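Before anything else, here's the structure in question.
The letters A, B, C and D name the chains in turn, as written, and every chain counts its residues from 1.
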Amino acid sequence: MDFELSPEEEAFRDEVRRFLDENLPPVEERKPEFEGEWQRKVRDKRWVGFSWPSDVGGGGGSIMEQVILKEEMSDRRAPSLGTCFMGLAWVGPSIIHYGNETQKQRFIPEILDGKYQWCTGYSEPGSGSDLASLQCKAVREGDEYVVNGQKIWTSLAPWAEWIILLVRTSSDGPAKHDGITCLLVPMKSPGVDVRPIKNMAGSAVFAEVFFDNVRVPAENRLGEEGQGWQVTVSALASERSSISEVQGLVRRYAELKELAQTTQKNGRPASAHGPLRARLVRVETRIEAMRLNGLRFLTKQLKGEKLGSETSINKLHRANLEIEMGEIALEICGNAASVASGEATPGGGKWQHFSLSWPEVVIGGGTPNIQRNIIAERILGLPKD
Amino acid sequence: MDFELSPEEEAFRDEVRRFLDENLPPVEERKPEFEGEWQRKVRDKRWVGFSWPSDVGGGGGSIMEQVILKEEMSDRRAPSLGTCFMGLAWVGPSIIHYGNETQKQRFIPEILDGKYQWCTGYSEPGSGSDLASLQCKAVREGDEYVVNGQKIWTSLAPWAEWIILLVRTSSDGPAKHDGITCLLVPMKSPGVDVRPIKNMAGSAVFAEVFFDNVRVPAENRLGEEGQGWQVTVSALASERSSISEVQGLVRRYAELKELAQTTQKNGRPASAHGPLRARLVRVETRIEAMRLNGLRFLTKQLKGEKLGSETSINKLHRANLEIEMGEIALEICGNAASVASGEATPGGGKWQHFSLSWPEVVIGGGTPNIQRNIIAERILGLPKD
Amino acid sequence: MNFGFSEEQEILRGEVRKFLDEHAPLEEVRRQAEATDGFSRELWSRMSALGWVGLTIPEAYGGAEMGLVTSVVLLEEAGRGLFPSPLVSQTLAAQAIMRAGSDEQKQRFLPGLADGSRIATVALLEESDRFDPEGIALLAAPDGDGEVLRGRKCCVSDASAADLFVVVYRSSAGVGPDGISLAVIEKGGAGVSVDAHPSVDLTKRVSTLTLDGVRVDEGIRLGAAGSAWPTVSYIFDVGATLVTAEAVGSAEGGLAMTTAFAKERTQFGSPIGRFQGVKHPLAEMYVDVESFKSLAYYAAWALDQSADDAAIAVSRAKAYASEVLPGMGLQGVELHGGIGYTWEYDIQLYLKRARWVRPMFGDADHHYQRVAALGGL
Amino acid sequence: MNFGFSEEQEILRGEVRKFLDEHAPLEEVRRQAEATDGFSRELWSRMSALGWVGLTIPEAYGGAEMGLVTSVVLLEEAGRGLFPSPLVSQTLAAQAIMRAGSDEQKQRFLPGLADGSRIATVALLEESDRFDPEGIALLAAPDGDGEVLRGRKCCVSDASAADLFVVVYRSSAGVGPDGISLAVIEKGGAGVSVDAHPSVDLTKRVSTLTLDGVRVDEGIRLGAAGSAWPTVSYIFDVGATLVTAEAVGSAEGGLAMTTAFAKERTQFGSPIGRFQGVKHPLAEMYVDVESFKSLAYYAAWALDQSADDAAIAVSRAKAYASEVLPGMGLQGVELHGGIGYTWEYDIQLYLKRARWVRPMFGDADHHYQRVAALGGL
């Protein structure tokens, strides 16, 4: 065991730190124009799409360098690297793996430059966790596909110019996956209709997207017809690194600890209160377990092995912790937790909002029951239901 | 709502109390000869088989009188009413419902008098919770059935003179239940072999019973051929009252509370210790909830309604509480919990024994998962798996 | 021996359920909750006319003179569909006046509460959010033959709709139960102001009540100065019991909604309710609801009878309910998947209600500690 | 950056596993555990010859001079099949002597521990069962240039087999860390007696050590009188870590047994492992084992490196393990149904082991409190 960095890795970390010292003011001093400058600078460093191969314009960073970059950025609360969030997370990796040259040249630079937003059209109202059962249909007519159907839980849809869309082009194959195709569709296409969905916290972070005879040029197909499932799975696989998740939880826990230490309960700080104290420290311990689990996974990756279903371990932890931290915070707030916002509640309502936002992580990332099935079936080898 | 007894019920309770005052010495003063005298006296009062109809020699007690009798007996830690435990709990009710006159006259008085022990041959190694899948076979040959197969989890088998046995007489019926028949078999019959099973606490409270060409006269069949399932279900239904269960838990909790108050942990009584205190009071509250649930069920019975699957509520509680009380006790004992018996551990090892005995209740009475299925399917109406 | 409701109570249950099914299905509840004071004045009037608002007030003052057990029936039904109304607040204010008020005060205040023409609430908590005498720090300044109040009461339910506030304060400095007083303060009087806060559960409105030089004299003080702690303590117990009774209904409502969803929603080719990962949590919820239901019924009965074990009975019920309700709400949303998390779908309303219930009149930890203390642990 | 084991360590793991699979399957473990001292002297000798017993002892004294991380590999494998042996006790006694002993004492005691010819254990706890300095009340009486011990040490592991006892006591009265001493006391000396108790986990023997006028002089006292608390505290941490490492193995062994059962056992027409009511608890167990495994690995590394966060790392690992292990043991038995509860079937042995692990070197509550304190909560 060895938690040291190699001399090359140390050098890279120092480079990142120097860059941050020179270019990243503390959060409270960042001016409106800062964000644009920042994005230009990190693009120049090739840190946008840092994990992508250099030949498409990515950073070609090694796994360890990616980890270092993420950690340093997160530690200093730097803005995101790049602004085309879904493009960087989902669309780019799919295009790099499955796109033809034209598609790569057309889309990749714009994603890296953050020219516009992408959104992802995977989930449907009837499909839920059973993604492969999707119904949104595309029929080939000459050089075009004609798309009819509906997508749901599409983040950023109201601001996106493109959507990466999974459609059913056939129902004949032996498996449900077989008839799925992936299309890249301009959101301005006639027949596309976006309806924002308000979540229970009152924010509209998702939308439904409806397709009514939307005509998509066949050249916008990503991969072959019927290959859509693999195209998506490759992107899903790129979602797996959990380093920054843990850092988010660590920061949230620090805020929660502060709330517990500064809120009085029966005349003592809530943090001194037996049952709450026990729950807080249980959370702290699980976050550390996640961090160390992540380092074991990283070690596996550094040895050249692929990560499999074990990433569900940290997903389950995260789901529990997101929920538990919200509940602890509300319990500390006491009756003031019933107040949604304003000065009459500790934190001005941020804990109430947080405690209504867990489903984005807990349900969005695959429900806990799905994660349990993955572990039980793929790791423990128990029979499918 | 009204928790008062009627004047008749009050009178009955007073009668019981008077009897106890006159005939029941405190536990520490009971002499060896006491048990025999006690059993004769309660038999004379017709309190053995108190719920059975008077015409078969039972007490013909009303539901409320049964509750009063049980409560008073349990409060004063009286010995059991009758000594033929399985006969009173299982066999008698089945014979009363399904037996012919000869069977009633032959068996019921002996059960009430406690002449000998019965045991029950229901479970099999392969059947577990799925009782109806049993394989122990009986083939009719003339006036006899010839039984071959095996039973397991048979309590009291080494001391029993009779066994009430479920056997498969046919595999043709549309449902697995259909080919099951109930036989009453002398344990001394040639071909019956009893092998005690030691449990994890080191006691042999169960046995396996093997049948090798055991010949049983057809007149020993209880109910019709193929009716064995109903015969058993009627007996299972008579198991449902949970009043005495709760009293058992109340007593156990009192002992646990005493352990917590008299054992030091870091210089204070364990009961003053935040997390243990919280768990103890959670247990106390659930026992009270069980008691009150039981009174709601009793109210339903008093109104002439049959109890159904709601009794699984208290079974789930009881399973959790049996386990949780054992764990709390072991945590209080600390490292001394690793000592199985003797003066080096609080209570001389009784908590260790208790904490290894929960499966008798938790698994024996239908596993928690079975209870959850019953509630989900029969009460909430969810589809079967 | 009968641990069930009377025929009369069962009839009331049927009537309430019919009334609310007709007038307050959830889409209507959402509309009502968005009204100025968060409930429908029209339905309030109709329920008043039916005698449901003054259920526990003596007949002499225009009420139905029923016990808390009967209120439980009403509130369980109100909770089932998250019906918004100041029923609990009204009952608590009336109970305080009935307990501690003079005949004259009862005559003055109760008839208006019984017929619903006036709305009342109790102002108990302060920023410390405590349920013991130490939580009451608002100190009256002597003023001739009266007292003057200057300070704030927090998390006051239904305050924006209320005409009357039963306010707890201290007539003399200290930390124990001595010196605590109660007064009925009218909205609109000099120095009385209400700041309504946006609430997480839209069907349950909370406000801060500010008293800026409000004068209390014998006419509005309930009983002698400094003598009110037993009444306040009783109101805490009644409040905990009524909130738990309402929570029985909302827990059953949420469970029924999730169960129905689990039967309809298909995934991987079968209704999700077939999977034990869905089925078993629902069964556990059922066990919990039935259990704190039994505890709540008994607590109401014990309060009605002034039974010796009333306080511990109340705390057992509220502790159990507060412990399990938020988890039930979370599970309800989780088992619904994405749809359960949208503003438009109703299951999330049950989560918000569960979280409102948790701290009201003491959370699980508070009440378990009280059970421990009262039970001699 | 490498949070994994070295090639050498992986080779060791393979050898240990092969050795134990061959010589100590569970039926053999039961037989060994019933021997006089609860383990096989023959296997002990063979393991000593392979260098496994003296793994952490410096080469100068005949050991392999490996760190605790390497011990973790050995103990994980030993735990998997509940292999009974005094490995943990031997390591702790050796660590105490290595830390606090003089060169002469090391020369005197360590070679015999490294080659397994002598067996040693540590005698730390007393009736108070505490892990802080207050738990050490055994007070030595001054006796010329030495001290005399009269009293008892409780729950001493492997005492009936041990030739040497590293005993913690007080050289001067008090409650804090000052005054605490350590001495190596030999079995067979005047006044030394061992009462072996029947143990719940037959593979883990516990005894009371009685010292009735046992003389300690400089030759056997480890370091100056009263200076030993840092060593004792370190031994508590190493003990907690090694016990947790062994528990990783036993948890994996129990989980593997239950998983295999769930695949084979058929009920209602399909393997019970198909039902989410069985599948999901097994998945949760897997998540827990992998998680306290990570914590335990890191704790061993941190102790080897004397890292600043070593103490909190140890407590996190032991707290998590102690919290979840008994539940895993209970679930294992429950999911097996009736068979799991029989003496003949092995799954119950894992429950007994889990309960042995829970309090050893501090239970979940003890260690969580320590995490809170060290983490500034």
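As a working rule, contacts are C-beta pairs under 8 Å (C-beta built on N, C-alpha and C of every residue); 3 or more make two chains touch, one makes a residue touch a chain.
Everything numeric in this text was worked out from a predicted model, so none of it was measured.
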| item | value |
| --- | --- |
| Most distant chain from subunit B by Cα centroid | A |
| Comparison of A-D and A-B by number of C-beta pairs in contact, larger one | A-D |
| Distance between the centres, which are taken as Cα means, of subunit C and subunit B, whole angstrom | 42 |
| Chain centre separation (subunit C, subunit D; CA means) in Å | 53 |
| Inter-chain centre distance, subunit A versus subunit B - centres from mean C-alpha coordinates, in Å | 54 |
| Per-residue overlap in subunit A, given as positions that touch at least 2 other chains | 275, 278, 369, 372-373, 385 |
| Touching two or more other chains - residue numbers and ranges from subunit C | 275-280, 365 |
| Subunit A partner contacts - residues on subunit B that touch it in the complex | 274-275, 278 |
| Subunit B to subunit D touching residues, read off their complex | 123, 125-126, 128-130, 133, 152-153, 197-200, 202, 264-267, 273, 275-276, 323, 327, 330-331, 334-342, 344-345, 352, 355-356, 359-360, 362-364, 367-369, 372-373, 385 |
| Residues of subunit D touching subunit A in the complex | 1-6, 69, 259, 262-263, 270-271, 273-276, 278-280, 282-284, 286-287, 290-292, 294-295, 297-298, 301, 316, 319-320, 323, 365, 368-369, 371-372, 375, 377 |
| Sites on subunit A touched by subunit D in the complex | 1-6, 9, 64, 257, 260-261, 271, 277-278, 280-282, 284-286, 288-290, 292-293, 295-296, 298-300, 302-303, 310, 313, 316-317, 369, 371-373, 375-377, 379-385 |
| List of subunit C residues in touch with subunit A within their complex | 125, 128-130, 132, 134, 154-155, 195, 197-201, 204, 206, 208, 265-268, 275, 277-278, 326, 330, 333-334, 337-344, 348, 351-352, 355-356, 358-360, 363, 365 |
